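Shared between the two complexes below is chain A, which has chain B as its partner in the first and chain C in the second.
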Partner chain A sequence: MGKKVLIVDDDPDIITFVVTVLEENGYISLMALNGEMGMTIIKAEKPDLIILDILMPKQSGIKMYRDLKSDESLKKIPVIILSGIAKRTFLRSQEALTAFGDEPVPEPDVYIEKPVEPEELAETIKNVIG
Partner chain B sequence: MSKLLLIDDEKGIVRVLSISLKSDGYDVVTAYSGEEGLEVFQRESPDIVLTDIKMPGMDGLEVLKRVKDLNPDTEVIIITGHGDMGSAIEALQYGASDFVNKPVRDEVMAIALERAKEKLFMKRKLREYTEDLENMVRIATEEVRRKSEFQDKLITSSNDGIVATDEGGKIVIFNPGAQKIFGYSRLEVVRKTSITDLFPPEIGEEFKKALEHKKIFKGFDWKEVMITAKNGESVPTRFSGSLLYENDEAIGSVGFFQDLTEIQRLERELIESERLAAIGQTVAGLAHYIKNILSGLKGGAYVVKIGLDKDDTNKVRAGWQMVERNVGRVSELVLNLLTYSKERKPEYQVCLPNEIAEDVCVLMETKAEENNIEIIRNFDSSIGKVSLDPDTVHRTLLNLVSNAIDACIFDSNASKKWQVSITTALEDNGIIRLEVSDNGCGMNEDVKKNLFTSFFSTKGGKGTGLGLLVTRKLVGEHGGKINVTSQSGKGSTFVIRLPYSEVIH
Partner chain C sequence: MGIKKLLFVTQFEELWFDALQSLMDLRKAGLNHVVFIHVVDRDKVAMRRGKGYLKGEEIKLKEMANVRFIDWAEALFEQGMEVGAYILVGNLVPKIVSAAQEEDVDLIVTGHHKRSKIEEIYAGSEIIELLRRSSKPVLVHKYMLPSGKVNDRPFEKPLLATDWSRASKKAVEYLISLKNIIQKIEVIHVAGEKSLRGFSAMEVQKIRKENKQRLDETCEIFRAEGIDAEEHLYVGNVTEQINRAAHERGASMIVAGTTGKGPLKERWLGSVPKSLAEESEFPTLLVPTGGEQTGS
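So, the complex of A and B:
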């Protein structure tokens, strides 16, 4: 049975694209349109990988990433950030949260800036979870 | 001490009299003839002359005339012999102050001298008063002249144009500031032109009326008016004016003008440069939005390719929809950027505002239904054909309705029955009101503050932050206003007021 990958993005176009890449490469895809929905699915399905967008309404990817990495039962799930935001901006925002008293969190396993080529995305996923 | 000259040809009388006068405290000089008397007079300048009337050679009357010629202020007392009444009267006519009869009695002499001294004193006082008065008049005149000159300079050196008229509305003051603004020289205008020829009609007529009725007129507060200069050009000015009163009676009018041409040019330049700076910032801030579009396009192309390879029509359709959607987003973005960066004049056309609002509702209906949002139309059916820029109405309404729907989508309170209402109404003074109201998530103070800031967006990767900027610019160019009220968690209302002109059938 194929491995389960969750894609969290508020843009349905990105979801369609990532899901197609996942299917083409033999993975089972799960999808969520925001962080809230994402956390519910993660807890229920325990996916093998999470592909996460940063800029989303309601609950941003910055907060969701932090919640994931602070949860003992979920922190082992690898995360690929796929975002239009530059990596250093994301890291800076995490540092800022840490500076305000939150626990430090590890850097994401892979950070991909949009737009991404389908081949590059497939290769990256393979490298992370095989 | 008064100096006294005593003239008599009888040396004995001179001796006796001078002793008695000296003992009375006078400084006495003497002479024994009229001629000698005059010499002593010129040398000693006495205040009082006491002269015998009958003397060999120059007699007392002649001495009196000469003395009065030399110094009219001198008091001359004539000493007359018995039966000289005729000469005495003549002497009085020539200006003698008194006469005493021989033999001279001390008391009579003392009274005559007292009187003479009093006269001298009065004369001196009078002279002092006269001099004082003249001095005061001179100082006052100088003061008045200085003040008037100062006021003249004040009016002349003022940068504001100052135009004053008499009670008939004829121009009497036209300072250099006014010459610069109106383009007429002082000579062309002063006492030649009437206020109604020079001022814009609404001001000129009002002034004229007020002057004619001589009633209390509260004047004009500062306001912007267009004046027509000599060369026919319109000049924007800031104007204020009032009537001039003297004892509650209108005696003229005065108007102050400030040239706004330069200020308005600078304002335009500032707005232009601010907008261009905002474009730069906006483009930088749009990076993630553009990356999302690129992702969508690339992703769409990829999905289409997979679909074609596998003969999977559903995949092809899904991919194609992605491409289409993102081409739409690119066009909208580019269009917004162009609209925002260029100055645009509204293109007025005869149109039906309710129809445009209906078009917008139809365009947004599907998205609203998908998200359980009801669109409510409150169109004022009395709005007929009017002249305004239909594009402005369409784009601003579309932006506001699309925002309102997003506000409902972003609202986390799922128990709400979401509604977006669009209202059209006519207001006084040729204003049409377009109102878009929602009961979605509303805005907090921070969002409200940044509402019209470039590339500020609350919509994550989906917002460019350009929507309200463009909306405000379009409304501004149409001479309209946009207002926002919002409460976090309760919803927002955007009101646009646009001036329109009625179409006469």
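So, the complex of A and C:
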């Protein structure tokens, strides 16, 4: 059975693009439209990989990533950030939240700034989870 | 209460990032989450004879908004804030109301998207429509002061216009929840000229005394919460006098409760919140009574 990959993004065009890449490469795709929905699916499905956007309604990828990496049972799930938000901003925001008293969190496994070519995305997923 | 999460409505005409920055003082009152919303007017992408639905135009307009929101979001994320965004196609007010409900925001911030006279006759004012459909307080933000300077502390010295209604009481509660960023509140009541017509001098003085006493009681509520407050009684046209008081007292914004008249009544007779929102030079915070407004 193929490995499960959760895509968390509010843009239906991006979801369609990533799902196509995943299915063409033999992965099972799961979808969530925001961080809140993403965490619910993660807890229920325990995916092998999460592909995460940052700027979304309800709950951003920054908050979701922090929640994920602060949960002992989920923190080992690898994450590829796929976003229009710069990596520098992601790191600075996590530093700011740590400075406000939250626990520090590790950097994501891979950070890709949109857009991405399908071959590059497929290759990256393969490198992370095989 | 308090303002932890706000919905920032921008059509990229009146409100830009500097308008949002001017609200960052709210962080002292607990603000930690900003949600942007931009609504592409359906008419801009609607079906055209010989062209069909303008999908290319929709993508262009949405991406233009996305580029701006990414830039704004980066600045806020780096300050440790939580940020969200909606870029939608449709009618402005229903989309704002729906996003405000979904996100459960504490405040909607909007510019004044003025409709044409013809549109107002048929559809009414957008601000009033928003207040009628949403139970959330609405700040019609005008971030440039009459002096031409940026109003970067709009909540510092609000002027509360009270008519003793349930909505006015709600506005008092709302302001108390913002006490960390308020230096002083000017509380005014305007006795309309019509309400004094036909009274003797003695009766007018009695009304003045009663109103003064109620104003003082309202100020006492604020003082008990550690907020400096001063009462003022004005007489005349309500909207004009509220504006005059805001100028005279150096207010940073006008705050009023709103009960939401029925759409037809408002359209033909006008309303004080609508006039303040659309005509005043000051940011205008309108606080509804709470609960869904259905209009009539």
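The rule is simple: the second predicted complex is superposed on the first by the 130 of 130 C-alpha atoms of A that agree within 3 Å, B and C clash if a C-alpha of one lies under 4 Å from a C-alpha of the other, contacts with A are read in each partner's own complex, and residues count from 1 in each chain.
The rule is short, and it goes like this: a contact is a pair of C-beta atoms (placed from the backbone, for glycine too) under 8 Å apart; a residue touches a chain by one contact, two chains touch by 3 or more.
Being a predicted model, the structure only gives us computed values, none of them experimental.
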For the overlay on chain A, clash or fit between chain B and chain C?
clash
Could you say whether A:A96 touches chain B, chain C, both of them, or neither, answering first, second, both or neither?
second
Touch test for A:G84: chain B only (first), chain C only (second), both, or neither?
both
After lining up the shared chain so the two structures overlap, which partner does A:K63 touch, if you call chain B first and chain C second: first, second, both or neither?
second
Quick one: classify A:L55 as touching chain B (first), chain C (second), both or neither.
both
Contact-wise, after the overlay, does A:V21 reach chain B, chain C, both or neither (first, second, both, neither)?
first
Is A:E113 touching anything from chain B or chain C once the two structures are fitted on A? First, second, both or neither.
first
Quick one: which of 5-13, 167-175, 185-193 or 221-229 on chain C sits on top of chain B after the fit?
5-13
In chain A, both chain B and chain C touch residues 55-58, 60, 84-85
Quick check on the complex: what are the chain C residues that touch chain A?
35, 66, 69-70, 73-74, 77-80, 82-86, 99, 102-103
For the complex, give me every residue of chain B touching chain A.
287-292, 294-300, 302-303, 306, 315, 318-319, 322, 325-326, 409-410, 412, 458-462
Under the definition above, what is the set of chain A residues touching chain C in their complex?
34, 54-60, 62-63, 84-86, 89-90, 92-93, 96-97, 99-100
Which chain A residues qualify as touching chain B in the complex?
10-11, 13-14, 16-18, 20-21, 24, 53, 55-58, 60, 83-85, 113-118
